[in-house]
């Protein structure tokens, strides 16, 4: 079966596991489904592939999920069916191409504990070996997502109590998880001991709310209370909120990429303002790699704040040199008579009157494969830019993430396979500079409590060679699975 | 949890388990998906709730399923994705109201045996207790259908070989199953030792085809070879067809209701012509319960053949006194300003010029709750019928079926709770007669090899009191499960 | 432009005008939309291509229409928007392939008379020349249906009063029309002086109902009052019902094909029972063309009643030798690896146990192109039929209809281009006979008041050569129109 | 009929005519439909209610249109059906609530000139009186859009030649039109003599392209050639391009609101860069209404460029104090348990870490009703803003537009009914200032060639009282029309 790896990987690129997600949990709030809907709407940037909500009343769980964005998946009639005062919800990162509805979260199971639903943000780095072991012991799997092993471990736990069984299960998995779990009468929330992914607690009237980012609290009119701490296990029932720290204490390793690109700038992540850190990244970058120019522009929208910081620090005026279209739908029809740099054109256009004859600093947040940047540079050149200097507000991305961010494989990461000089040439720019690792940490206010392994390769938990290949194996599994669709 | 039974049963009638189904299996036929589609199209009368196909090529299984009729679920683009030369397919009985896509068959699992898909017609009478035991041992369930336990038993079997593991699993279940199971390279077919439900083998070019009824072979241009025998276990690979009888020999108990109502009249069922038996049922009924009248009519379409037999035997001319509409879709909008006997009117209309002033014998195949018959009688009376004599081509239906036919609960079966005299009055007819049990067996050519427990209560396999209540428990489980939908 | 005829006709066969339709009009009935919906549901056999309803309250008209069957087009939410106590509705004959939503009736216009909606069953034989004249005078057209010219003629009429303008318009068109027209406060109904197509009046509570056939009255719980008479013009307002006969008196020419095939057997058409006439057609046919045989069978469902009549008259028992599937949806996917006689197989299957070794009389209602019959004969032969005798309950169909029935062009009509002997050979039957023209008229109780031009070519209104070619021109127009679709 | 105005206007607010649109015309470009699709995709900001494309080959026109955004309406299969090398396309402004598919452009007609399709951006100010006159002469209307009268006038023109007839029709209408019109072999483009709305010409390979803005040329890889001049009439055939100026010469009155808000900043409008003018508006505003503050923020995305100009001129740093969500779909489900300022929250969120304790200048482009601004101010206050100063980069909007921009009625325009002091209080800000009229004109480089009637009430073409009420009448007509929908 492993002999087919290459072939399969080439064949079915689309079933690549992408685990970035937004999650929400709600307890004791009327119309919980409606608020869960608002919550994952605010977290839409964390995943556009699928959306799902499970609600609970005292009798049953009620689940609805579908492929697409939150407002596409949920219609009023569906939300009305999702009765109950507690809920969990999830949205999932968008892939290009088909994907499985069966993989849409929250997932749900029937077991000796009754009906349980779970929504998970992160990536379990030992999922593959646990899955193999479980299969050998007679477990059967319905989905291809790592999250499903938590259910199996819980169901097979010797513990009689569900809380204990969940803690038991979590103590066996490695990697990143921020999760919420729902039964008829209880809402659980947990964050892995390293605290890779964010999770916050809010208060709404007499109820409790959990969410990946504070922007979800804002839209629900809920008040931010505090972060769920790394390693914390929270159980919410009618009797109140219980907080436990059942796992061995670990160093914190919060994902620095959340600041750089992933989170919304109006959110607090790991208790800090995303906006502030991005602005500082731009300032540091300007100090580290100054260059004479007529203007600073950004690749909207993700790098705009860093560009503002760069502009403020350097005194070089900020302009919108590129405009971004927000109307791209799920499918876009490409004329067979090719348009040059078609993909980039659908998303961006340069503003000729701004850039013509100008020396331009383009601030971007990161370079993965470099293909889009190359097209944007060409677009700016065609519009008449005289000089183009690229400044990246993160160090070169050289290593895959095993903890929940979708970073291309090493083979595809341009910084993993090329020198900076080669990238400079490939992009056809006048200069190229990345923020230093130290600069980035300083901007983020790091106290040794972040994970920046995608830049350094220093994975905070031991991801040995065989475990890395496990990750490859997981991908292969998804390929093996073939097509799975429902109407 | 059991204390809520009544309440739940009332609340959520719609999640009632209805397990009648049509199944198809195909091996070594090009475009297997297209032929599977034709097969379940021909078996559409066995289930209109959902339809699904799984195909296999040497690398993977490919599955597509949806709610609705075969031609609603499958579009050309979907069938094209279902590549491979082998396939299994399934359609499921229509319920009124919402139902679970997750329960749509063929079901599929990932396990130590790789990807496996299974389609099942029947009802496992000890599913509930096995499920409870499996849950206690740590298994988790994704659906609420009994079929899923076969997967679990197989996965937990000590056998290394999949064939052995499947035989192992089947040896532990009781009740009715005709099933097909597919892996990347093998197609299995099996029928329970009692042979409750039908399953036939056909030949198409160099390939092998299985189907619930021969009408599915006809549409595929496949040739009927023989029935899969009760207790037979068949394994089809590229090396050929293997037939085993691994289970303890049992008396045959083929479902007599397939002849009376369920199967298509152009099919052979249990090696006999459904048309011939229905015609004989009408003849026997005429001999047993003659009455003077001007015409014989049927409740189209299911009782037409019995009515023709009754007419032929009695010499009383057959007429179409009722016409049936075939355009009813999945939802029908009822005016709030009620129309009398609305539901019956959507389906039937009486032909006044035929029935006015006439003495009429109405032949019907069975009476469950009696409500539709009562409305039809009123319609005929309103159209001017002078006398109405009902003749039923089966004995009074008094007992639920635990082997795969959806018969209402005893509480709802009018013959279980009322005397024939009371039914006579309720229907407001001039006379009412059911065929005798002996008459029915004679028409069916019974040699002690049929199950007629829905008329007698003599269940061929021991369905003890606690097992009967198990069945109730299963229903309750479905209620507990709450809503489960996908877009 | 006419030079392209052949090319275009070949290219775009699908835009062939097919004008059979069912219509409904309702005045002063609460929830008029719901009852209009029921009415066209009962008339579904008259057209499955599109369905539409327009309602009126005192302020405005409300329209909803779509492609497909009534239950596919209308959902509860849509019906709820169609407020008002009066309504007209329409469904249209199903064509194979794409068709225009813009042609869906009821059509609607804005003019000096305000908003008006109209639904029409029939075919205006001088539509093409009127349309050309109107275009030359500066009228613009939105659809390709003949019905639209009534609107233009009405709008251009010198009459100030809408009733007068409509009468004016109708006096200028030739051909067949049974129509209903709705404004905010008035419902009109009219039938052409020849009375080609049916239209009945019913009473529902305090309201008035019009429908193509009485079966639509039955489902609405409305009472049949009488037929709208040929040449009658009815105006219904709150003040009451006015009946006028404003057109020159003409001989009646009711369409005899409605009895033979088109109408529902539970309807009264032209004051007669369709069932009774079909039965008599079978009886006459049996007297005219007796043959020794073991059984009579029908091609279900349309010829079953004639077959029963044939069987009764001949004393040869009636059997169901063919079964018909009612599950065919709008699109059916054909395997590329062809199945013999695929199309017929989707719809029919022979019952081997019935026909094997038997001499069979197959009664059918008509032969158009003969292709389906040929496939059915082959199917019966393969099932073992010893002799096959075809009996047709109408004379040879040899001429197109210009008055609202979709009969293939002369080129395609097998009886127009072949002798009976040649058809006999083509069908590969042991004998073939058509009912005589006199026999048909006798069965229909004709008093010189029917149109049977499709059998004789004697068109009741002068359809001269150039007018016949006009009809061709109309078809060409539809081809010229190109594609017109909406999402 | 006019007596009902108030009632109707209140009842059916949603059928308000909103005529902003984007248009595209393509001639002699392979796959014209695909490029038309790209063109209206780039013009999506000009209308999100409906989208339509008509293509032409030598035989026929082919049309497809639907409600929604371009990528929602057009799927690959639909575009493939739209064959031909010429095309016109259109998208239409989004209204909240239902609207008519029948009003979707391009509209199409059949007439003595054959099939013609037309797409129009603008508003014909004498449409109502022409429509009434046409109705009185017997014309019938299918839609409620003013554009339809051009078809009628053309069809009724005495001219034999289509070009002449179109010029004839255009000479009779008053108001704003930029339009493209397509027949089987010719593409027309025209712009009204005042030049209210933009229209540009581009070159793509050997073909010609028209579009509302240059951003549509960019995405098609077409080169900007020049503007279609006010009063210019262009005819494109295989023989070449003809340019005529058939209408009486008029002063130019280009819409200044296109610069301020409507057009895309990467477009040239009326030969000028939208970006440059917006930036200058901000600069002028800063000079006119300076205030001490800590930061300048914008209400994204439309006022960002003016805010950058304000910031640059004032030296006060620009920050993103508000973030905007781009994921809002067509329907959004509001919890019944109200959230404060729900609507604004779905679209905007304030960034607390940015605004807390700060004195903020909020630059916005215009104030219509003021409701959204008020909510945004509250949001910023809640986030801790110390002072809030609003600066508007256009003068107070006080008058409706009769030339194609959707500005609320006078009753709803806050500046038409309140003093600036009152608005200041209503918005609860520390200061409020609008750019001066002169300042705006200076920024726009006006040479007396713009229309700014929405600020001054000086309509460039005589819109007398009765004509203004005509506009009201038109709206009423739309209300009268009732519901019109298709599935």
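Order of writing sets the labels: A, B, C and D. Residues in every chain begin at 1.
Simple rule for what comes next: a contact is a pair of C-beta atoms (placed from the backbone, for glycine too) under 8 Å apart; a residue touches a chain by one contact, two chains touch by 3 or more.
Keep in mind that this is a model prediction, so the values were computed, not measured.
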{"item": "Greatest separation from chain C - chain, by CA centre", "value": "A"}
{"item": "Approximate Å spacing (C-alpha centroids) for the pair chain C, chain D", "value": "47"}
{"item": "Interchain centroid distance [CA atoms averaged], chain B/chain C, Å", "value": "37"}
{"item": "Centre-of-Cα separation between chain D and chain B, whole angstrom", "value": "60"}
{"item": "Overlap residues in chain B, where contacts from two or more other chains coincide", "value": "none"}
{"item": "Chain-chain contacts as defined at top", "value": "A-B, A-D, B-C, C-D"}
{"item": "Touching residues on chain C, where the partner in the complex is chain B", "value": "30-31, 34-35, 37-38, 41-42, 44, 69-72, 74-76, 79, 215, 218-221, 264-266, 268, 273, 275-276, 304-305, 308, 312, 317-320, 323, 325-337, 339-340, 345-346, 349-354"}
{"item": "Chain C to chain D touching residues, read off their complex", "value": "4, 8, 59-68, 73, 78, 81-82, 101, 104, 108-112, 114-115, 135-142, 144, 151-152, 155-157, 477, 479-487"}
